[in-house]
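What follows is a set of structures to go through.
Across the two complexes that follow, subunit A remains constant while its partner is subunit B and subsequently subunit C.
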Partner chain A sequence: MGFNLDFALSTIPTIIGAIRATLLATVLSCLGASALGFTFEIIRRGGGAPGLAVRFLIDFIRSTPVLAWLYFLYFVMPFYGIRLGAMTVGIMGLSLYYSGYLAEVFKAGIDAIPKGQQEAARSLSLSRRDTLVFVIAPQMLRNVAAPLGNYLVSILKATPYLAILAVPEMLGRAFDIASETYRYAEPLTVAGILFLALALIVAYGVKRIEQRLLASGRR
Partner chain B sequence: MSMFDIWLGILQGLGITLEVTAYGLVFAVPFALVFGVAQFVTTGWTRFLVTAIIEFWRSSAVVVLLFVFYYVLPVMGVTLSALTVSALVLGLNTGGYASQAVRAGLQSLPAGQREAGMALGLTRPAILVLIELPQALVAMSPTFVNNLIQLVKATSLVSLVTLTDMTFRAKEISQTEYDPVAIYSALLLAFFAVCYPIALAGRWLEARVNPHKGAQRGI
Partner chain C sequence: MLAQAPHPVSNVQTTPYVRVDGLNKRFGALHVLKDIDMTIRAGARVVICGPSGSGKSTLIRCINGLEPFQKGTIELDGITVGKNARDTAKARRQTGMVFQSFNLFPHLTVLANCTLALRRVLLKPAREAEEIAMQHLTAVRIPEKARAYPAQLSGGQQQRVAIARALCLNPRIMLFDEPTSALDPEMVKEVLEVMIAIARTGVTMVCVTHEMGFAREVANEIVFMDDGRIVEHASCKAFFSAAAHPRARLFLDTIMSH
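Moving on to the complex of A and B:
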């Protein structure tokens, strides 16, 4: 039973059909992780007991595998009567896992803003919230755009983890074909090539945007 | 089953987790050194080929890569144990990431280092081994520690190709005990116990290698 190229080619349309689920999971997880990561970083900067707790939580998230988090959410939430679809759980898991990394990105982005900006805001008697929203956040966005783009690619490459929760994204669809036909090599190879191509395309797009931002920053 | 029994049950998988990590390093370290240096010294088509090989291992989703190699190699007539395939895939994926740190470390050295070597009449390989690599590897050592943590966390994937690591043990225990909160918390804690000390060692290294960084703190 060798590698059947015709069969491999015939699985392409079905697997590509699941690209929407892959991209949806990527984008929503990235947004969720950004929102959560930014919140974590603000709480961490606030200091005190909440700051310390979040600092530990970030370290904890970064020291544990994403697969363990996905299992945790997938099996623990129903135990407490929370029943959500596998896709939702998967997006929550990826958001939580990557928030630990994005918090560090936001930290670096805020640290890179000159201290005078904050002092100027204080001398204008802006509140802490207004300083954050109108002075810090807009300047931070340019600093974090490039690393955020890199994490977008990382999250894309983590979406096939959702196949383990039976989410019908590209790898999940490949496994569906495999279990129907008892042929694993062909659909998985197709999924592998498609994921590599998608990751390279998105990485290229991120690089282009990064160069544009750099160019506009120099002006 | 008490919380303690669950912990002990999961720790029975620690051996496999560490074995895959160690075996993975056997692939990762040589790959990172050889390909990182190759990308630094080569030009033209050779460099394109080297970059393509690195990008294959680095830009592919590691979940998909593991399944592809696990199912495709036997079809091609190559039979490897699940342990070897896992170590190969996880190791070369990590090696791909680490190779970029090796290359970046070499590129960031001032040209004067190489020129001084040339002025002393050293050959190019001697300059590389005696002058450039030692400095680049020390400067990049915190990144290598992060790569190691990523490798340990990625070993959770081997539970999907029948190896009885900690993640696999957690799933086994959850088949006989309905206590997802205790089981999956214990799994997360077990990984934290392995990875967090490595992360702390990495921070200590970072403080030694880059003493000027990390002093600033805003807001």
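Moving on to the complex of A and C:
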């Protein structure tokens, strides 16, 4: 049973049909993980009891498997009356899991900003919030563009985990075809190529954004 | 100890504007400021000098509330600095600070560097903020670079922008922390010229610098620090003609012979 190109081509429409779920999960998880990770890092920086709690939470998230989070959110939460759709739980799980890593990325990005920037903002009487929004965050983004891009590709590649929740994403759909036809090579190859294509597009986009950020006002 | 201001053009008031009392500051085991007492009157132009490591920069940073300190008080226009955030912020609103390393915001244009605080702190509309910023950029003779980014400017140009940025908030006192120390020699002059022009406006100035020519031309008082203490606080004339303290005389001899 060799690789049948015609069969492979015939699976493409079905698998591409699942690209919507893959992209939706990727985009929303990226946004969720970035927002949550940035918030975590700001709270951690603030110190005190909330800072300590978040520091623990970040370490906890980073030392548990993403599958455990997905199983937990999907199968345990309903016992406490919280019943959410598979896609919602999937996006929550990926957001939470990657937020721990992104918090570390943002930390490095903020640490790399010279101390004089904060001091200048303070002596200009900018509020803490304005300093964060107008001085720190833009410079942090410039510092983290490359590692942030890597994690965004990682999140894309982590969406097949959502297959365990029966979210109709690309790899899950490919596996469905395989189970029905007992032909694995073709649908899995097609899914792999589609993931590669998406990852390349994301990586290219990140590269372009990075170049633009660096082009504005740096030697 | 505080001699009469000698300059005839002086508009120095008799009321103290900055009052430092028994200030002590430690970095861990290092005792960098020891029992500093200092009064700066409104309209005074004070140059703080002394060997490196004597605590001059730390003192001026304490006045701007950028450094916490362990003992003593600092008052600016009667407002206590460094005790609680609200008062420190209030005092800062009257203060402009210029740093040795410029500290311009690299991701913002020259104009945006100047308008940021005008818009966010003084809540000026965009148009008005830009007009005010352009006035000050013109005053420091760099209006043509308004749309450039800091990295596209020379060090001297960057420092002049930093001065304009501080002036935008219309401070009553300008603090300069070694403003020319990070500059190539050929750029020192353009920055000093701008500072001399600011001195003529009558704003209170406190300047940490090694530029003794500038001190002689602009200052009406000199504070000489050594090893965390103020060892001499005299009128400019008295300091240059007959510094009382042997450390100050030695310092002057060393610096003037260059």
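Heads up, the rule we're going with is that the second predicted complex is superposed on the first by the 200 of 219 C-alpha atoms of A that agree within 3 Å, B and C clash if a C-alpha of one lies under 4 Å from a C-alpha of the other, contacts with A are read in each partner's own complex, and residues count from 1 in each chain.
By definition in this document, a residue touches a chain if its C-beta (ideal position, glycine included) is under 8 Å from a C-beta of that chain, and two chains touch if they have at least 3 such contacts.
Predicted, not measured: the structure shown is a model, and the values here were computed from it.
> Using the superposition on subunit A, decide if subunit B and subunit C clash or fit.
On the shared subunit A, the partners fit.
> After the superposition on A, what does A:S10 contact: first (subunit B), second (subunit C), both or neither?
In the superposition, A:S10 contacts neither subunit B nor subunit C.
> Using the touch definition from the top, say if A:T88 reaches subunit B (first), subunit C (second), both or neither.
neither
> So, A:L126: does it touch subunit B (first), subunit C (second), both, or neither?
Only subunit C; A:L126 stays clear of subunit B.
> With both complexes superposed on chain A, which partner does A:F134 reach: first (subunit B), second (subunit C), both or neither?
In the superposed model, A:F134 contacts subunit C only, not subunit B.
> Calculate the angle at subunit A, using C-alpha centres, between the directions toward subunit B and subunit C; round to the nearest 10 degrees.
Given the fit on chain A C-alpha atoms, the answer is 100 degrees.
> If we overlay the two complexes on their shared chain A, which of subunit B and subunit C does A:R142 touch? Say first, second, both or neither.
Only subunit C is touched by A:R142; subunit B is not.
> If you stack the two complexes on chain A, which partner ends up touching A:G116: first (subunit B), second (subunit C), both, or neither?
Touch partner of A:G116: subunit C, not subunit B.
> Mind telling me which of the two, subunit B or subunit C, contacts the most residues of subunit A?
After superposing on chain A, more of subunit A is contacted by B.
> Per the contact definition in the header, classify A:A203: touching subunit B only (first), subunit C only (second), both, or neither.
A:A203: touches subunit B, not subunit C.
> In the overlay, answer first, second, both or neither for which of subunit B and subunit C A:T64 touches.
In the superposed model, A:T64 contacts subunit B only, not subunit C.
> What is the minimum C-alpha distance, in Å, between subunit B and subunit C after the two complexes are superposed on chain A?
Once the two complexes are overlaid, subunit B and subunit C approach no closer than 12 Å between C-alpha atoms.
> Return the residues of subunit A at which the contacts from subunit B and from subunit C coincide.
On subunit A, no residue contacts both subunit B in one structure and subunit C in the other.
> Okay, in this complex, where on subunit A does subunit C touch?
Residues 114, 116-117, 119-120, 122-127, 130, 134-135, 138-139, 142, 216-219.
> For subunit B, which residues count as touching subunit A in their complex?
55-56, 59-65, 67-68, 71-72, 75-76, 149, 153-157, 159-160, 167, 170-171, 174, 180-181, 183-185, 187-188, 191-192, 195-196, 199, 216-219
> Help me check something: in the complex, which residues belonging to subunit C touch subunit A?
Contact set of subunit C toward subunit A: 64-66, 89, 92-93, 95-97, 99, 101, 103-109, 116-117, 120-121, 149-152, 165-166, 169.
> Which subunit A residues qualify as touching subunit B in the complex?
1-3, 45, 59-60, 62-69, 71-72, 75-76, 78-79, 110-111, 113, 115, 118, 132, 136, 153, 156-161, 163-164, 171, 178, 184-185, 188-189, 191-192, 195-196, 199-200, 203
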